[in-house]
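In the part that follows, the structures are each spelled out as structure tokens.
In the two complexes below, chain A is the common chain; its partner is chain B in one and chain C in the other.
And then the complex of A and B:
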């Protein structure tokens, strides 16, 4: 069986090499290939390449949304302004704070839930659906529901806290609590999806390894630390990268729940870009921030990949 | 790979050329005239426009056919405004569109909208109320023709007030009396003190004395804050920006502004009389005794909260001696595409705008949507002699304010930023931090003035 698979692989590889070297694709095949590529290329060009090019060019202008034909090249003016923009600095720090808090929390919650629903007990399917359900809800809906529940005066959460003797909390209306509240809500709403991925990973771990460890006298914690965690490492890497990138793009929750307040304590970079570009119509400045933030995200992505890559190599 | 990059580069070029070539296309516009509005087609406002346009087309069979497109807005106007801004970038604007009053200056400053006064029928402009003319006028030229005005008054819960001792009841003015912000806060304080000790069922759901709707500001609808509370500055002889629309330093952070805002802050002095996070529909559901209420509350309360006995009095003046205009006003208006250069077509466009905002239209809009008339001759249409006494009282107060004290919001090209910063960095901050000392409030307005000043720089060039 293995031999057969190997011979097929060699055959395919040889054929590909042959075509590559002799460039003997038939014209019809080439046309078909480009035919399949074009729809994706058009969409990628329209929604990825073109906006990046435009953001790059607009970032060096004073483009005002209501005077699109009057934009002028202003050199590094927008970038200089960024250095002295206190709200931008705060938005950047808020975004970093959110990422640093939400990624471990969300992944820990996802892993915890995956471990629960991986057990075999009656009604496990119901729990799985319940834990996953926030992932299919719109973030706007989730944000509105939580805003109502967290209302300091009449919200359900404060009523529940009052029943156990805890005084009313300001939550989203306090600059010291708002960001932490958003972190918890975001982790709650996002962990269901990651739970399913962790669950797939858990199902893939060979039960014989656990049985062998049990024979060797390993307890539950040891099995978790030395079998489950290492086995889930590739999945965890994937989830850390995707969750981090996603977390940097936080906008819906603060926009709906706090409007970036109180006192800019929940203003994120993406919301700030939106506010400047559309509400204040200063597309030039918003584009400059977008440009810098895109470069920052690329560096972070490469950094995470390298970090995990090096660990993998080691 | 190289070929794919080449293909993408070609696509970028082709798309750019396509975008350039589509600019300025006149298409088949000659036979029709397009209006964009932020009102949803199934909303009474959308329906009243549709009816009005239908009537126009019927009475002008030889003119261009007028078509109306409803681009529903969300929150403070997003959705509709995004589409409008995209149309401006693509030079593909409709002939007529709606804009919120305070936005008119920015669009006029950019040349996106055109003046209407040279094309108006004789005396038509003078038919608008002064606040509506002021709202639509930039540098002496009329750009916006308001189709609806607005108003804010103070409402109180009659059941709660009836439960109060006579000495507190006596603090409430009649519907025909002016009162001051200090008197308003004193009344709220007395009510709060009483409510916290009272077992009267009227106070069963009581949370705070006053509903301020500052929750809108927390939710990003900043304009509610500015619209509701700029009058506290006006009533003290102050403003958020100078008459030129571009100077804030020395105006926004003047001693009179700080004085007015310190008095506003007394609402949040512990124990707080109001909160920036009040319950949804707090006044409507009997959770507050008083409410700073928009005119739309009247229909909302009558139709959806029939058990609530609400009474209405005038918006309080900040300073007793102030005798200028000071009550909130203004709303959306019709404007015309400023890129249109064909005089004949501009005349047709303005003729349609007149049709949409004339005395008859204002009367129709009041009856169909409860819109406060923008025409002097149509204000009498406000009916204050119905079977519903609460309706009559509320509309008497609002009618008085429209005729006597309504003031347009500042006309400034940087208004969105100005409004947002005032609402977020001053009004909301005072409420959330429960700031009551004038030194800290002075710092808030100084910081805000500095930010706004920087933002307004580009309009001074």
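And then the complex of A and C:
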């Protein structure tokens, strides 16, 4: 206790001292500061700022990577083309569909799991490990494993479904089922993490609140609706924000599992940029899409933070 | 009544656990079988329960005879370790300078870092490729590793952490004749190990799991990290045996299982504070 007060005193003294000599920097300190900062600043400028500038400049050209000298300024041509690009429109709608489905599904699953393992019963640690276990698999491993398991003719899932009398499903090979399949797999693989975060939130709720509610005659459902849900609000908002932004950047699962097909039904925006800019070397058009997508994501992330208020978890 | 309720709860908990465990159990078990046995067992209970007479290491020895998976696993371990060491050093130095020193343009640099936090990195992956391409570093290890060493989120986390670092400790180091850099390595890092382990583990996992960037930056199969090599094996050799594929997936998962056994606490706490994943 005494130590804490002392350090506070020291800190206050330091700030007033700094305030007094606000325009006098210590030479050694300035040199050290820039020495410490320069590696990070150089790398951030090269690999975060410069790409954005390049997207800006190339987005207005017809740059084809294999003929760099033939690139010409084309004005708004790329952006006009985006408006009439059917595959781009579908990729955008696919991405929105994925976000709208996966965020609530994954968070609901995570909360459900957290509620199970928040109970005190024999073997609870074992169940927590079981629910969390998909987290050890990388996205590529998950994608390959599920592609094998979902094989329409001989896969594990169809054979299991046959046991309960459900006929064979095409899953990833059907344009009407592929995106839903990816949604479920993504939620399955991601909810273990978020279960742990919800669990930490549940453990933080003061037990006395529940006891007080019991004395007032509240039942289980009422306690859940009026105590648990409101107490978890900050954590939920935090998870909604991070999961939404992450979901917009979906690419690995469709890249490995479907290649964007069948019939572009699982093509996402990021994958479309990859296909156009990297595979087909059509850098000009892909840069224009990158630019619009980046601005869109920045607006979305600022937007949902505004919408929910800047509440911090934990 | 209470007993009925309790057993119903257990049935539910076990049923849910199976949903999460079956793919993993099937993957590991199938890696110890041959394809005929895998597909003989596939609809029944023995798909996920071992019968020891069926199990062998055949798929592992065959896989390793066809393809040296440890080379790409080794690449990934090296890449992830290098990213952790350089990333921790560079990002924490920057965070430390922003927390402790007083220098011109300090506020401007801090705002710059915070502004960069909102840039969705993966979205700008194509122009990043163009930058590295124009530096002539595509298909080289430095070209692959350099862009993801700096992490503005981690700079910010380190800054927040160092804001409350006791200044007396550093003053005493200076009295003992240490330079600023000396203080940093001899005093600051040793007394912030918890923070370094947390950020380090998350960096390691992100690098290990990375897929999109190495696909673009490294096309030479000798340099590929394991995630890219796995996908290449899976999609190029169309008729690969299921047992071989499952053996490969199991091998790739082992290092992460080990990491989780030792560091689970750090991983969960870290992803909460930084919002990664």
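The rule is simple: the second predicted complex is superposed on the first by the 287 of 314 C-alpha atoms of A that agree within 3 Å, B and C clash if a C-alpha of one lies under 4 Å from a C-alpha of the other, contacts with A are read in each partner's own complex, and residues count from 1 in each chain.
Here is the rule we go by: a contact is a pair of C-beta atoms (placed from the backbone, for glycine too) under 8 Å apart; a residue touches a chain by one contact, two chains touch by 3 or more.
Just so you know, these numbers come straight off a predicted model, no measurement behind them.
A.B. asks: With the two structures laid over each other on chain A, which partner does A:281 touch: chain B (first), chain C (second), both, or neither?
C.D. replies: The answer is first: A:281 touches chain B but not chain C.
A.B. asks: What is the contact status of A:50 with respect to chain B (first) and chain C (second): first, second, both, or neither?
C.D. replies: Both partners, chain B and chain C.
A.B. asks: Output check: A:165 vs chain B and chain C. Expected answer is one of first, second, both, neither. What do you get?
C.D. replies: Neither chain B nor chain C is touched by A:165.
A.B. asks: See if chain A has more residues touched by chain B or by chain C, and give me that chain.
C.D. replies: Of chain B and chain C, more residues of chain A lie in contact with C.
A.B. asks: Going by the contact rule set out at the top, does A:256 touch chain B (first), chain C (second), both, or neither?
C.D. replies: A:256: touches chain B and chain C.
A.B. asks: Check whether A:62 is in contact with chain B, with chain C, with both or with neither, and answer first, second, both or neither.
C.D. replies: First partner only.
A.B. asks: Taking the superposition as given, does A:156 touch the first partner, chain B, the second, chain C, both, or neither?
C.D. replies: Second partner only, chain C.
A.B. asks: Under the stated touch criterion, which partner chain does A:41 make contact with: chain B (first), chain C (second), both, or neither?
C.D. replies: A:41: touches chain B and chain C.
A.B. asks: Now for A:148: first (chain B), second (chain C), both, or neither, which partner does it touch?
C.D. replies: After superposing on A, A:148 lies in contact with both chain B and chain C.
A.B. asks: After overlaying the two complexes on chain A, where does the chain B footprint on chain A coincide with the chain C footprint?
C.D. replies: 34, 37, 41, 44, 46, 49-50, 65, 147-148, 154, 255-256, 278.
A.B. asks: Of all residues in chain A, which touch chain C in the complex?
C.D. replies: 7, 10-11, 14, 18, 25-26, 28-30, 32-37, 39-41, 43-44, 46-52, 54-55, 58, 65, 113, 116, 119, 121, 127, 130-131, 133-141, 144-149, 154, 156, 159-160, 162-163, 188, 190, 192-193, 196-197, 200, 238, 241-242, 245-246, 248-249, 251-252, 255-256, 270, 273-274, 277-278, 283, 286-287, 290, 293-294, 297-298, 301-302, 313-314
A.B. asks: Which stretch or stretches of chain C touch chain A in the complex?
C.D. replies: For chain C paired with chain A, touching residues are 6, 9-10, 12-13, 16-17, 19-24, 26-27, 39, 42-43, 47, 90-91, 93-94, 96-98, 101-104, 106, 109, 113, 116, 118-131, 133, 146-150, 152, 155, 166-168, 179-181, 184, 208-209, 211-212, 216, 227-228, 230-231, 234-235, 242, 245-246, 249, 252-253, 256-257, 260, 268, 271-273, 275, 277.
A.B. asks: Report the residues of chain A in contact with chain B in the complex, numbered from low to high.
C.D. replies: Going through chain A, the ones touching chain B are 34, 37-38, 41-42, 44-46, 49-50, 53, 62, 64-68, 147-148, 151-154, 170, 172-175, 255-256, 258-263, 278-282.
A.B. asks: Under the definition above, what is the set of chain B residues touching chain A in their complex?
C.D. replies: Going by the criterion above, the answer is residues 4, 7-8, 11-12, 15, 78, 81-82, 85, 88-89, 106-107, 109-112, 207-208, 217-220, 222, 275-280, 287, 416-417, 420, 424, 428-429, 432-433, 455, 458.
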